[in-house]
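Take a look at the structures below.
In the two assemblies presented below, chain A is common to both, partnered first by chain B and then by chain C.
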Partner chain A sequence: MSYGGGYPQQPRIQSGVNMSMAEQELEMVTTLFNNIVDSCHTKCIATRYHDNELNKGESVCIDRCVAKYFEVNMKVGQKLTAQANQGQQIV
Partner chain B sequence: MDFSGLSDMDRGRMNAYIEQKQMKDFLRLYANLVDRCFENCVNDFTSKALSSKEDTCLNRCVDKFIKHSERVGLRFGEQNALLQQQQQAQMSGQAPPQ
Partner chain C sequence: MTVLTSIRARLPSRNWSIFWGLTSSLSGAACYDKYQLGQVRAELDQATAALRNEICKPTDTPRRIRVYVAPTHWGRYWFKEYVKPVFDAAALDYEILEPKVAGQVRDSVRELLWTGKDEHRARAASGHKYSPFTPPTPILERDKFDAGEGLVAVGPNAWREVLRGVSEGCLAERPPAPPPTPESTPSTTDAATDDPAAAKTAKADHLPPPPPLDLSCHNIPTFPLPPLGFITARQQAGWTGFPSRIYHWFTERYTAREVGYEALAIALGRVRPFNIQTDPARGAKDIYVHDDWEQRHKDVVQDVQVPGSVADRLYMYQ
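So, the complex of A and B:
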């Protein structure tokens, strides 16, 4: 998370709350961010490198890629939660 | 992150954790970027030195990755804020305050 203006989320962490929960939350957000950077770079950035600027197509692709990744993230989360609630084992 | 609600000890621990995590993330990013740019730019092994073409490609690859990463960071922040708004709206809908 060295780029992109640091940690995007601004939750207020309270003392007394389990610190490992805060760490887990941070871990989750950074993992998500890193995965999005990797995945959207592979999907959106042309590897010919004609110049060092993002062109219009790539920029639009990145915007949509991030939004879609969030949607997929939510969908998978919901499905896993539903499965867990049904008491089925996730293999 | 807002750590004003933490005790001094917890804040110290949290800062140490974040520092460690940032270092780890940076090393990961570095290694990944080397791999990505090497894969994309270096394919000719008739010489052991980087050609000027490869060198130009590498520079663009790194520059572009940083710009990409910044843009993702921006959109990530927006999407994350949206998600939190939705979750908050959902929570207040489930348990309305008295």
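So, the complex of A and C:
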């Protein structure tokens, strides 16, 4: 994933477009992060807390949850892009 | 009326009695078995509770193992029903490798040991000095070979391949890559009609078989070898497996106990030295060889002679 707008030497042509793209990307990443945290917390962490630290079982569950989430996210993104390209080609 | 005739008058007819008798005994046997299976699973759950409730900091990684599952449906089902619950309860990070043909497990184990040797040489050459103040390497840059990552075989086929891979990986070095074969230009008219698949298989048949490995005691690595684990798995696929499957479905509690405690031993991580007399032959009565296989696939699951120099350095989960 590339974070736009982080290169101090890049000349800012069309700075309005760059800014809005950077803002969109930041929003996308933040939404993705929040969704992962919510989803994996619901699935992996029991509501009755015995300890303040994560234990091994929960850690393994979280590792797997995040890995699967990313993989599904990537696959769905690829399918959508392929469909969008197909739609464009037909048009 | 006598007692007997009054009882017979109250019972249902002969046919209904047979029906209810059979139904209730079968369902009773099934329900009892599944209840006991739940108890066995609860027992194993409790035994692994200490492992999964350990504190794990965000910079720590859980213990890893590699599991080699035999390439038939029963292997995957067996693992999922009896082994996976124990590994999940013990918070183990397991990676399942399921080969498609015989021989791939051995290749994978060999490759792992050869990678280990390469990394060991690279580390020695770079003069790596360990100091307690070095920060831990990030996960993606860590070495591929880790002596703490145990190799577990589910089933005797996978077990023999793992042993073969370990002995060949220790005693031999990775052979140099074969030179690229000159691309034979196919004739223009024939290429159009042939399938690309047929052309590929024809090419593969013409390749010479890989040369035999050069085994020698001098190649044995100095770093520790990963511990090995064996889990019993019975072959129950195919038409002839039906009666055995029906019987084992009614007696799943014994299988779950047997296999579950073997998986628990691996989860707890205690090791003992490899016993060269008994360990290579484990699971001999469950080995599976199909008549349709090629000879080299049949050879790879035959009994393995683990050399003493390698066996002295091996450990098994007990």
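We adopt the following convention: the second predicted complex is superposed on the first by the 70 of 91 C-alpha atoms of A that agree within 3 Å, B and C clash if a C-alpha of one lies under 4 Å from a C-alpha of the other, contacts with A are read in each partner's own complex, and residues count from 1 in each chain.
In this section, contacts are C-beta pairs under 8 Å (C-beta built on N, C-alpha and C of every residue); 3 or more make two chains touch, one makes a residue touch a chain.
Quick caveat: nothing in here was measured; it's all calculated off a predicted structure.
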Task: Answer with first, second, both or neither: which of chain B and chain C does A:87 touch in the superposed model?
output: neither
Message: Contact-wise, after the overlay, does A:57 reach chain B, chain C, both or neither (first, second, both, neither)?
response: second
- prompt: Taking the superposition as given, does A:30 touch the first partner, chain B, the second, chain C, both, or neither?
  reply: first
Task: Check whether chain B or chain C contacts more residues of chain A in the superposed model.
output: B
Message: So in the superposed three-chain picture, is A:49 touching just chain B, just chain C, both, or none of them (first/second/both/neither)?
response: first
Doubly contacted chain A residues - partners chain C and chain B: 50-51, 53-54, 58-59, 63
- request: In the complex, go through chain C and note every residue touching chain A.
  value: 51-58, 60, 62, 88-89, 91-93
Query: Which residues, counting only chain A, touch chain C once they are in their complex?
result: 50-51, 53-60, 63
Residues on chain B engaged by chain A in the complex (per definition of touch): 1-7, 10, 13-14, 17-18, 21-22, 25-26, 28-29, 32, 36, 40-41, 56-57, 59-61, 63-77, 79-81, 83-84
Field: Complex interface listing, chain A residues touching chain B
entry: 1-5, 7-15, 19, 22-23, 26-27, 29-30, 32-34, 36-38, 40-41, 44-45, 47, 49-54, 58-59, 62-63, 66-67, 70, 74
